[in-house]
Each structure stands twice: as structure tokens, then as C-alpha cells.
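Across the two complexes that follow, chain A remains constant while its partner is chain B and subsequently chain C.
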Partner chain A sequence: MNAPVFTLDRVEISFAPGQSILQAARAAGRYIPHLCFHPELKAHGSCRVCMVRVAGRLLPACATPAQPGMVVESEVPEVQQMRRALVEMLFVEGNHFCPSCEKSGDCQLQATAYHLGMLAPQFDYFYPDRAVDASHPEFLLDFNRCILCSLCVRASRDVDGKNVFGLSGRGLRTRLTVNAASGRLGDTDFAVGDFAARVCPVGAILKKRQGFQVPLGERTYDRHSIAEIDQHAPAQSLGECAPGPEVPMGGAPISRAPRREDT
Partner chain B sequence: MANPTDPLASRVHEVCAKRGHRPTELLQVLIELQDQEGWIAPQAIDALQMQLALPRSKIVAVASFYAFLNLTPRGRYQVSFSDNITDRHAGSLELCEQLCRELWVERGKVSEDGLVSVDLTSCIGLCDQGPAALINGRPLTRLDAARVSTIAGFIREGRALADWPTELFVVEDGVRRRERLLQPAFAPGEALAAAITRGAEGTLRELEASRLRGRGGAGFATAAKWSAARLAPGEARYVVANGDEGEPGTFKDRLLLARHPQELFEGMSIAAWVLGARQGLLYLRGEYRHLQAALEAVLHARRESGLLGRNILGVAGFDFDIAVHLGAGAYICGEESALLESLEGKRGTPRLRPPFPVTRGYLGQPTVVNNIETFCAAAHIVFAGAPNWTALGTAQSTGTKLLSVSGDCARPGIYEYPFGVSVADVLADCGAPEAQAVQVGGPSGHTVPRGQFARRMSFEDLSTAGAFLVFDQSRDLFEVARNFVHFFAHESCGFCTPCRVGTALLTNLMDKLAHGHGSPQDFARIESLNHELKTLSHCGLGQSACNPVLDGIAHFRPAYDRRLAHQAFVPAFDLDRALATARAMTGRDDPASHLERQG
Partner chain C sequence: MTEAAPTSAPAKPLRRVAIDPVSRVEGHGKITLLLDDKNRVHEARLHIVEFRGFERFIQGRPYWEVPVMVQRLCGICPVSHQLAAAKALDAVVGAHRLTPAAEKLRRLLHYGQILQSHALHFYYLAAPDLLFGFESDAARRNIVGVAEKHPEVARRGVLLRKFGQEVIAAVAGKRIHGTGAIPGGVNKALNAQDASALLADIYPIIGWCREAVSLVRDLHLANPALYDSFGAFRAHLLSLVGPQGEMDLYDGRIRVRNAGGLIVMDGLEPARYLDYLAEEVKPWSYMKFPFLKALGQAQGWYRVGPLSRVQNCAFIPTPLAEKERREFIDYAGGEPLRAPLAYHWARMIEMLHAAETIKDLLQDEAARSGPLLTEGPRKQEGIGVIEAPRGTLIHHYRVGEDDLVTWCNLIVSTTHNNQAMNEALREVARRYLDGRELTEGLLNHLEVAVRAFDPCLSCATHALGKMPLQVELRDAAGELLARRSRGD
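Our next item is the complex of A and B:
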């Protein structure tokens, strides 16, 4: 029996019933930009970067079930422009200074911005006043770089069974918070082996004492575009952390495949 | 268990025990605790963690989401002025300033003696008798300078609210026009008896024949919704009435809840009969909690007369009851899936759809969520029959619609019209010959300019949940839109990027124009943001947040062009304005404390 298919930018993609457009696309080796999606976690649909156009409407590929015969547009100028606007919004909302960030080169926000051809954000920066929490012996929590994707919230809750993180507040005052009366990460049971320690797509949760172990210019997204990386590995920048035993790793090792023409 | 030596912990234990220590009751528990304690203290959260077996991060996540819950101490008297545009036009900001001045308190802060805090809040549904405010949850209406002085005096002397003159708290019905829904039609139980006689299928057929559509604005066919929930597999079914009437300028459910609760509960019971639901929930917005006691009394009376409870009207196995759940100041909870999250004691974040509530709603079970007015209409239809209903209205919009009329008109209040009434007819009835524009459906609806007053209220043309805000020639439609944009930014739940950041960006750009720093580049950005909000947002809030601006640009372009003072780009940062904080701190406002303006 033939698997059902839909088309993604005119290429036929077969899928298993129940798969989202994003899951099916990834399984077929096709990249759709995303930030709040992780293959090991339930779709969230909040960053909206994976928006694709279906029958004239923009829908989040991570949360839209694939349907037979669907015509999905992704790498088209209008959709890419919308994604770029979203990434720009995330840049101006927080305090993202790539040159001084340890995550530079391993950061999905930065790599996605490069992929989408973002130059400078067209919006005014908010320059929010946010703290840094260095209370944990192994991790630095820098709220300035948090994009509220909630990957750490979901990973800690659904995989680690710990609820170390939560989102509090509302609207522009939404903030990542930590499950301790003091509000400090050092007063939680957050640990190196946690899945939540490895899912941050940006430099908000950083392993301490790892600075510049890999030189700038030789990091994950310095060597391959995010489109190539995403085809071959679960969608997170692992940095130098090895995956914990409780998390199955999918995907083949990264090969030095020739760069795909993205646009 | 509660530490018996800690009085706060045992009070928390009592509140949680009343609700069976169920984590889904978190929001209700927080509201009750705050009523008791004045705020949600960190020690109360310590106790809650134990009592509800929830992590602190979840409790804080919920408590910090709702505007009426306080994680810091507030004054013993909490005054919140309704910040709808009609309240502002009636002078609410000046009255708020006056109260702050007379009480020596800064807006948004608590007075040093902990006596009082004064702030603004989103529309509290008293636009027809504003400027209005809430004091510890009780409504203060028709405020003016004299009333505010009286109130300030009572607060200063610490007089208990129960001893204040009742005329301060009078909420008038304000009914100006009645058709089907606002006429007495049946005695309690008669519509439900008619449903039982018709049978579940027959009742659905009658509703289908009536072509009743949801009154919340989206207009989904009620019969289709009920039958989908009826057929969906599930262990239990729920009937939910959406009493989170948060759209600024809408207050028709206030009347239905206060004067027609029997029809509402009758409609919910009919839905329960059709679905086989055993539990109904009325989600009452926090702003309307002054109606709660009376609603509970009606529910009690219905239980006493066998219209709720077991074997209703003598039908074996027809068991159904209704509980009232309170909201706590979050417009987004009017969105049905956010409302369900809130009912489950969570943050009011709209769910991903599919699945839809009819298949997976409250606690993951098939659920019907309808507007208050829809349930009332359903009861009328089931009692009097579909032909009686379809005799009024238009082809696609049968029956009547309640409008909440406010703003610049002689006779604000609640008007019931057959669907299809024109804007001009409503304006003639409410006494607004000089109207410049009408905001139909509130900020997320349509701004209708004078040239389009022939348009009609209906799903075919101007669909509306009921708000009808009138603006005369003296009003600046740019400022109206700016107020609405601020409202959406304040009420954005923060879940998705485009709405969380986009509404804030739009607010900043509108403010930039208002401050006289606008340029054509800013205008272009406003236009592109409108597009991004509309197409990228997760739910209707973000998708409609730009509507007032889009309509404003389309119909009132001069009000925007006037603000584009500069042809070249001008930065949003204004050094003189940035010094305002320093001036306030030093109590200065002399010329030397200002930067010289350029030429």
C-alpha cells in the first residue's frame, strides 16, 4: 500500500497518518525553519517560525497534521519574509548580542536568522531589563537571551519529570521562571544529566566552564547551515553535552553534504 | 498536611479542602485565598504546593497570568478604574488622577500605610453608566468629581464598604429596546420540559431549523456544535457558558446574567439533556463577580425545584448541575479554548486546534462552549419553536441580537433588535445624529465611518458580539485606535511571538506617532505589522489586534497623516521624554529641567 503524500514546494512528501507537516518534512530530509519544536517533545506552536502556506493560509507546520493532497508552500519569498519578521521580533524583544555570546555559532536563533537572510532588525529594540542567574554550580541562566520557546519547560516537565522551569507573567512581560522560592536555579534539582539542560536553542541555559572550547568559526552552524544540520539530527544545538541515556537520538551522523540551495 | 502551628498554612488547607485538593481548582483557590489574605504571599504558595501537589513554578505561572491576582501586597481598598475608551471620553483618567491626588497615592502603587491602591483596568462592562470603577470587586458607577471626593473621604476614614451609601454601587439595567430575548416568555422549567418532550433529536432538529448561530461573534451553527459534541466519543460531556464578556464596550451579558439567569440555566440544561452532560460550568469574568451571589441563589432555587440535581423533572437518569467558576481579569479567556484552560486552573493560553472543544474540551472531554446569549436564545427557540425565531432577522442571521450601546449618544444602554438592523437605525434610536463613526463589535470588530451607516448588523455584513461604541465629530479616531492597540498589548497572553511582540511594537509605533515623531517609514511599518499580526498569530486576539488601525487608515487617513510630521526618519527615542522619570523623582518641571527643543 502506498503511503499518503502531500507536496512541499512541489516536491512529493510521503507521511504516516498523524504526522505533522514538519515531522513529515524532516523525515523526508526537508528543512522547515523552527525554534520551539523538538522531535522528542510535543509540538507547541508558539514561535510561529515554521509557518507554511496551505491553501492561502499560513499555518504552523509543527502543529498542522499532514493531509493527503495538501499543497504546502515553504521556501517561497512571502513565507520566508514572514519568518524573517518573526525572527526579528525575537531579536528585538530580548538582549541578543551575538559577538559576546558563548552560544554564537551554536545558536539556532542566530543560524535561523542567517538562513532567512536577516540583516538588521527593522524594529526598534526593547532593551528589556533582565537578570542573569549564576547560582547553579554547573549552569548559567541568562534571561536576556530567552526566546520563551518553552522547550526547557516541556523537557523538564515531560521528560525529566522535574518541573524546574515555568513561564510566568503575561504578554510582553512573560518570563521564564524557576521552580524555587528564591527564584534561583541553584535552589532547584536541575542537573547536568537533565534533558532540559540540552534543549535551549539559544544562549539562555549555558553550561559553565565551557567557554570557547570550540573556537568561533568552527562551531556547528559555522560549518553547516541550519538547514543541513536539521536534516541529520534532532533539532537542538547540543553544544558539547552528550545526550543522556534516557533520550533516544534519531537521525544519521552529520555528513559533509554539499550545501543545499535553499532559496 | 497543613502545619497546625502555622495559621496561614491551615487557612490554605481549608480553602483547598473545600475544593477537594484538586489541581484543576488552582485558579478558584487562588481567587479565594486572595479574597481572604489580600494577596498571594510566597508562604501561601509554599502551602499550596503541598495542598494541591503542584510545583511552585506552575502556581506562579497561573497567579502571574491574571490581572486580578496579586503576588505583591495591595491596598486594603483596591480601586480599579475602567479604562475603556468611552470611560476615557467621559473623563475617567482625570477622575483617577483626582482620587490619587486626594489620597496621596501614585497610580499603580500602594499607599505607604497600605490603605489603598488605585489603578486602571480593562473595560469592566459598565460603559453605559461610566466612568466606572471597581472597588474590591464592587462596581462604582456614574463617577464624577463629587463622587470621587466622597469615595476618597470614606477610604481615608477606613469606612467598611458595607456602610457606604448604596447609591454609589447602583448598576442600572439600562434596557432600551426589547424583542424576544428580553420579553418574559416561559416560567423556569418550561423550556426544559419542552426539550424533554421533543427528545434530544427533536430538540436538535428544532435548533437546526432555527438556524441559530453563536452570539460570541464567530457565528458557528449552534445545532452543529451540539450534535458534534453529542456524537464525539468521551467518558463525560460538559456544557460551558462563556460569561467572560471582555470585549471593550460589550455589556449585554451583564444584563442577561443579572435579569435573565433562568433562561441561561434553562439553555444550559437543555444542552445537557441533548448531550447527556452531567456537569455544567458558568465561567463568570472577575469583573462581574458582583453578580455571583445572585446567580448562586438562582442555582440553589433551581435545585430546590428539581430543575438541577438528580432525575431532573422526574426523568430518571437526567442528572445535571451547574457550578460557577470565576475569571480573574484576562480578556483572552473569552477565547473558548483559553477559557477551558482557565476552567482547568491553568494560564489562559489558547490551545492548538484541532482538536476542537466539541471533541476534546474541558478535561479532554467533548464540550459545548457557548455565549450566554446563545444559551438564552436556545431556550427561547426550544420553548416557542423555530418559526417564531426565524420570523425575525435575515436569511443567514435569524432572530434577534442584543447590542450594548455606549459612547456619544443620548440614550446608551441595551437594545434588542432583529438581525439586519442598520447602523443608522440604531443611531437614530440611541440619539446620535452627529456620529462620526461607530465601533461595531468592539476593538476587534469594525470601525464603521459615516458613509457606511447603511450597513447592517448580521453575519452577512457586520458581525458583532454586541458592542456598539459611538464617536461624535469631536473624537480623534487615531486616539481611539491607539487606546485599542494598548488594550490588545496589555491583554496578549504572550504565547506566540507575533502577538506578544507584535502588539507591543504596534503600541510603540502608535505612541511614536502620537508624540509627534512619526514619519512615513513608521507608517509603512505599521502597515506591515498589521499584516504580520493578522496572518501569523495563534488566535483571534493577535489576528484582530490591528483591525482598529487598518480601519482607521482606510477611513480616517487624515488623522494618521497629521501625525507624520517628519519626512525623514526620526528615532523613537526622545531624550527629553526619557528625562521625565528624573523630573518626577526630583519634583521639578521648570524650563531648566527640560532639554531645549530644536528650532
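Our next item is the complex of A and C:
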């Protein structure tokens, strides 16, 4: 029996029952922009960047089961324009200063913005005043860059079994919180080996003391478009889907002299 | 020594002339002149809106972001800020001695920066004044005019700058605002292909630098009455020098000569700058006035930059530039040259030195092999001092145990030269404004004086001869008596 199919921008996509539109599209080598989706985690449907148009309605591709005969529109001007506005609003809400961000070039938000042609600001930016949590010895938690995708929340809860992160508040007041009495990452059992330590699509959770060791021009999205990178993800094992800070996809490791303890 | 500018205007009989805006390092500034009832210049002040906020907003950020973030202070010499910050943070990560390859690559990056910045300043910003005259047609007094009248000079200026930028890109990944220098070393080895491509062009570059020195020297020798006296004032000279007193723009210890040329301080450890430097605040400027504590506020101010460095060092460790330095020193005679226009001659000697140094580093195998990063026991404070194109640059950071910057102090070249620029302005204003009606040529004389010190100011104020410069003549009560702008 033939697999059921739907059309994505007039191209037939076959799918397995239970697959979402996004999963089926990715399996077929078609890129639909997304930020809160990760192939190893349950869909969340919160960023709305993967919205597609189905019979005139806008639906999140990550959370909408594929159905036989669906006519799905993704790369059409109205949908792309909406995605661009959504992505810019993520920039509006935080403080995303790419030039001094270690994640620049490896950042999915930045790469998605480029992919969608977000080249100039069209909204007023909030410039919120957010502190940095540097209490953990190995990781920096920079709330300025958090886009509330909840990937770290799901990774910590569903894969690491730790429940380190959570989202609190509603609407514009929604914030990433740390599950400790002090609210500080240093007071949790968050560790280098955690999936949640590698899943952040932006520069909100970063390994400390590794800034700019991979030169500009040799980073993930310097070498490949986000559409190309997205296609490699399904074949990879858990935790290696997205290039983490200590596993840059581009660039050889820098040779390091022996540590000088006597100076 | 010239008397330091008073900090406030005597009251009534003075009139205030304001040149506003005179843009500065990616910001705005203005010049005010105070005239007495006989139109004599009582005071000339360069007010610079120096407040950029970097010292504050770097607080609370992780230290590894700092070199990349602070380089945004400037679009002309970002490399200098990146390197000064990286040097400061080397101490924080315990990298007290970089690996040989890392130090050589940082030097290559720095001398590429010196070459491109000096070329930009001289050819694009200063040459139009020097080649055409300060009061020449403003519409042609720009790089386009130079390209029409002296096409080969303009072409070389463009290509020299381009070469410097390519050196920067080879080390830092981008011509402007790259990375490269990171705490503990550098992040990338020099690509052998890049090195070969740069070496293929280096001899014409050195040749053009030699001709640039000749061009400025000939201009100077052709009109010593102007070049030796325009805006001249006596001041101490401050710069880094290497262990043997040689010119070293990347590292060294601080030496100070007095206006007579005698070394009055030497071997000062840059990391102890707070022991011997202080900054005075004056109510009329956002920019502080640094001075040497031992000499006091009135006598302890100084000038930095090429004119100081070329006359402060014992020798330049590359042969062609050293030959030019000797000629410069011979011309100066018994005392150091003190006229701002001599900055250009010194600057071109440094550009030649940069080109020769780039050649040596590109040919150095040690720059292309071996480890690039080092580290050691962590510290919570670091100070980095470097000779940026325009002068001594100090970066000072304190970093908490959580890796976040808790405090930052930056003293940039423009700040070191603050009093010096004010002195030059006052001299020029006294000589050219006294009793005369304001003209565009007069305005440009003031800018020529400022331009000699700092190409960032020049960059904004020179804008192809069409900057929105305005001079207003007001009485003591603030009433507008006359206004003149570039377009009039």
C-alpha cells in the first residue's frame, strides 16, 4: 500500500501516519523554518515560526498532524512575511547583540532571521534590563538572549530527568526560570553532560570561557545555510542534532599550549 | 610651557564663538572660542561628547565578550581596542607570556591596523589640506579632489589602506570588527596562502610608504614657516618603548620626555598606570584631562601619538624607517618638533615601519606554527596598554570569580591628547582669528589642527568638505551676533 501524501508548495510529500507536517517535510528534505522544534523532543508549538497555510488557515507545522490530501503552503510571501515579523518580535523582546555574542554564526535565531530576509528593523525594540546568571561554574545563563522556546525546559525534564528549567509568568511577562530556591543555575545539578546544556538554539545557555575560539567565517551557518543544516539533523543521534558550543561544526580546535601553573 | 587652558570663562566682556557640531570619534564635539572686546582669542576649547557608555555597559558581561564588544568603540581602529582588551584579559586568564605564534600574529594584526589607519588618515583626511592649502576651494578639498589632481597619490592611498585591511582580515577574519585576538592568544593560525598573497605585494607597499614619507617631508621642507609653527606648543611626549628604547607599538614600558627632549620618566610599568597617571575633570567637557601625577595638573599634561613615539624612541628596529627617523630628528635639531603638522611626517615614518614589520612577520616561520593559546592561574584584574594609531591606549578590567566584568576603565588616545588638542586650537585661533572676520578658511584652520591629532575627528569633520559645520558668534548674554556655516 502506498504511503499517504500531502502537497507542500505543490510538491508531493509522503508521510507516515502520526507524523506532523514538519516531521514529514524534514524527512522529505524540505525545510520549514522553526525555532522551538527539536526532532528528539515533543513538539511545543510555541514559537509559531513554522506556521504554514492549510486551506486558508495558519497552523503550526510542528504540531499539526499530516493528513492525506492536505494542501500546505509554506514558501509563499504572506507566510514568509508573517514569519519574518514573528522572528523580529523575538529580537524586539530581548537584547540580541550579535556582534559580541559567542553564538553568532552558530545561532538558529540569527540564521533564521537571515533566511527570512530580516535585514532592517521595522519595530521599536524593548531593550529590557535583564541580569546574567553566571553562578554556575561551567555555564552562563544569559536571559537577554532567551527566546522562550522551552527546548531547555523539555530537554532537562524529558531527557535529563532533572527539571532544571521552567517558564513562569504569562504573555509578555513570561520568563525562563531556574528550579532552585535561589533561582540560580549554580544551585542546581545542571551539568556539562546534560542534553539541556546543548539544546539552546540561541546564546542563552553557553559554555563559559570559550568565547570566540572558533573564528568568524568558520562557524556553522557561515558554511551552510540553516536549511542545509536542518536536513542533517534527523540522521544524527540525540544531543548532536544542533551544533553545541563545544562541538562546533566548522573549524579545527585551536592548539593550546600546556597550562602554566608556575607563572 | 604654554599655560594650561583655564576651566571657566571670565564673565562679561568675552564673546563666545561656537563651532558646533565638530563630530569626533563616532560622536559629536564642538569648538568654542572666547573673544575679548578687541577680538583677541582668550580661550579655545574642544568639547567632545566622549561619553559612549562602554565602561558601564561592559559591566556584568562575561570577560570573553569584551575584546569583541569594545572594538565597536571605533570603526577606524577597532583592532587596537580588541588588542588592548585581549592584552588586559591575558592577565585574567593567566597568560602572562603568549606563545610565540600568538604574539607574532597579534603583532601582525596590529601593524596591519597601523598601516591602514595611517594611510586612511593621511591620504583621505589630511592630504587634501596639505596638497591644496587650508583655504583652497572647499568643494575640491577632499579625496575626490586629490584623485583628480594627483591620481597616483590617491591611488596609492587607497591601495595602501586596502593592503593593511587585508593583513587584518588574514589574522582576524574580517577587515573591520573581526575576532582574532582572544584572551590567552589568538583563535586562528595564519593561512599559508594568505601569507604568500600578502608577501607578493609587500615590496611595492614598502616602496609606496617610502614615497609617502618623502611626500610629507618635502611638503614640510618646502614651507617650514607654516609646518614648524602652525598650532605649535610645548608639551611632554609620552609613549611606550621596547626594552632597548626601540619603537614598539604593541608592547613595552612607558617613557616620558619633556618638551626639551630630556627623558624625565622611563621604564614605567604600564600595569601600574594608576600610580603615575590621574585624570582631571573640567566642567565644560565630557572628556577627562589626564596628567602625570608627579608633575601636577598644570605641568603634567602630555601629547601622545606618532609625533611622541617617533621622537621618544631611541631607534626604530626596521632599517628604512630608522633612516627616516634619523632624518626627522636631524631636522628637529636640539629639541623635539612640537608643531601638530609634524604629526603627519612622523605618521608616515610609522607607516613605513609598519610595512617593514609586516614583511618580517609574514616571512617568520614561527608565526605560522605552534600553539596559539595559553593560560595559567586565574586573576581578577588585568591591564592592557598598546600604542594605537593615534596614541597610547589603556584598557583596565576587573573580573569576578563568576567570569563577569565588574569594573572597567578605558583611557583612549583622544583623551590623552585632550589638553594638547586644546592648546593647538588656541594657538591656531590666536594666530588666524584675531581681529578677523570668520571665514570658511578660518574654520578649516581649526579643523586642520584637530585633524593632525586624531583621524576619527577628521573622519567626521572632513566629510568630503561638506560637513554641517556652523560657527556662531554670540555676545556674552548668548545673543546671536553672526552665523556662518559651510554652505554659506
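Following the convention adopted for this analysis, the second predicted complex is superposed on the first by the 233 of 263 C-alpha atoms of A that agree within 3 Å, B and C clash if a C-alpha of one lies under 4 Å from a C-alpha of the other, contacts with A are read in each partner's own complex, and residues count from 1 in each chain.
Everything that follows uses one rule, which is that a contact is a pair of C-beta atoms (placed from the backbone, for glycine too) under 8 Å apart; a residue touches a chain by one contact, two chains touch by 3 or more.
None of the values given here were measured: they were computed from a predicted structure.
**Q** Answer with first, second, both or neither: which of chain B and chain C does A:Thr177 touch in the superposed model?
**A** So A:Thr177 only meets chain B here.
**Q** Please name the chain, chain B or chain C, that touches the greater number of residues in chain A.
**A** B
**Q** So, does A:Gly217 touch the first partner chain B, the second partner chain C, both, or neither?
**A** second
**Q** Need the overlap of the two footprints on chain A, from chain B and from chain C, as residue ranges.
**A** Looking at chain A, the two contact sets are disjoint.
**Q** Going by the contact rule set out above, which residues of chain C touch chain A in the complex?
**A** Of all residues in chain C, those touching chain A are 60-62, 64-65, 67-69, 72, 93-97, 99, 173-174, 177-180, 182-183, 185, 187-188, 370-377, 400, 402-404.
**Q** If we count contacts the way the header does, which residues on chain A are in touch with chain B in the complex?
**A** Contacts found on chain A: 43-49, 51, 57-58, 60, 63, 65, 82, 85-86, 89-90, 92-93, 122-124, 126, 147-148, 163-174, 177-181.
**Q** Can you tell me which positions in chain B touch chain A when the two form their complex?
**A** So the residues of chain B touching chain A come out as 42, 45-46, 55-58, 60-61, 64-65, 67, 330, 347, 352, 354, 489-498, 500-505, 508, 525, 528, 532, 535-538, 572.
**Q** Which of the residues in chain A come into contact with chain C in the complex?
**A** 97, 99-102, 131-132, 134-135, 140, 208-218, 254-263
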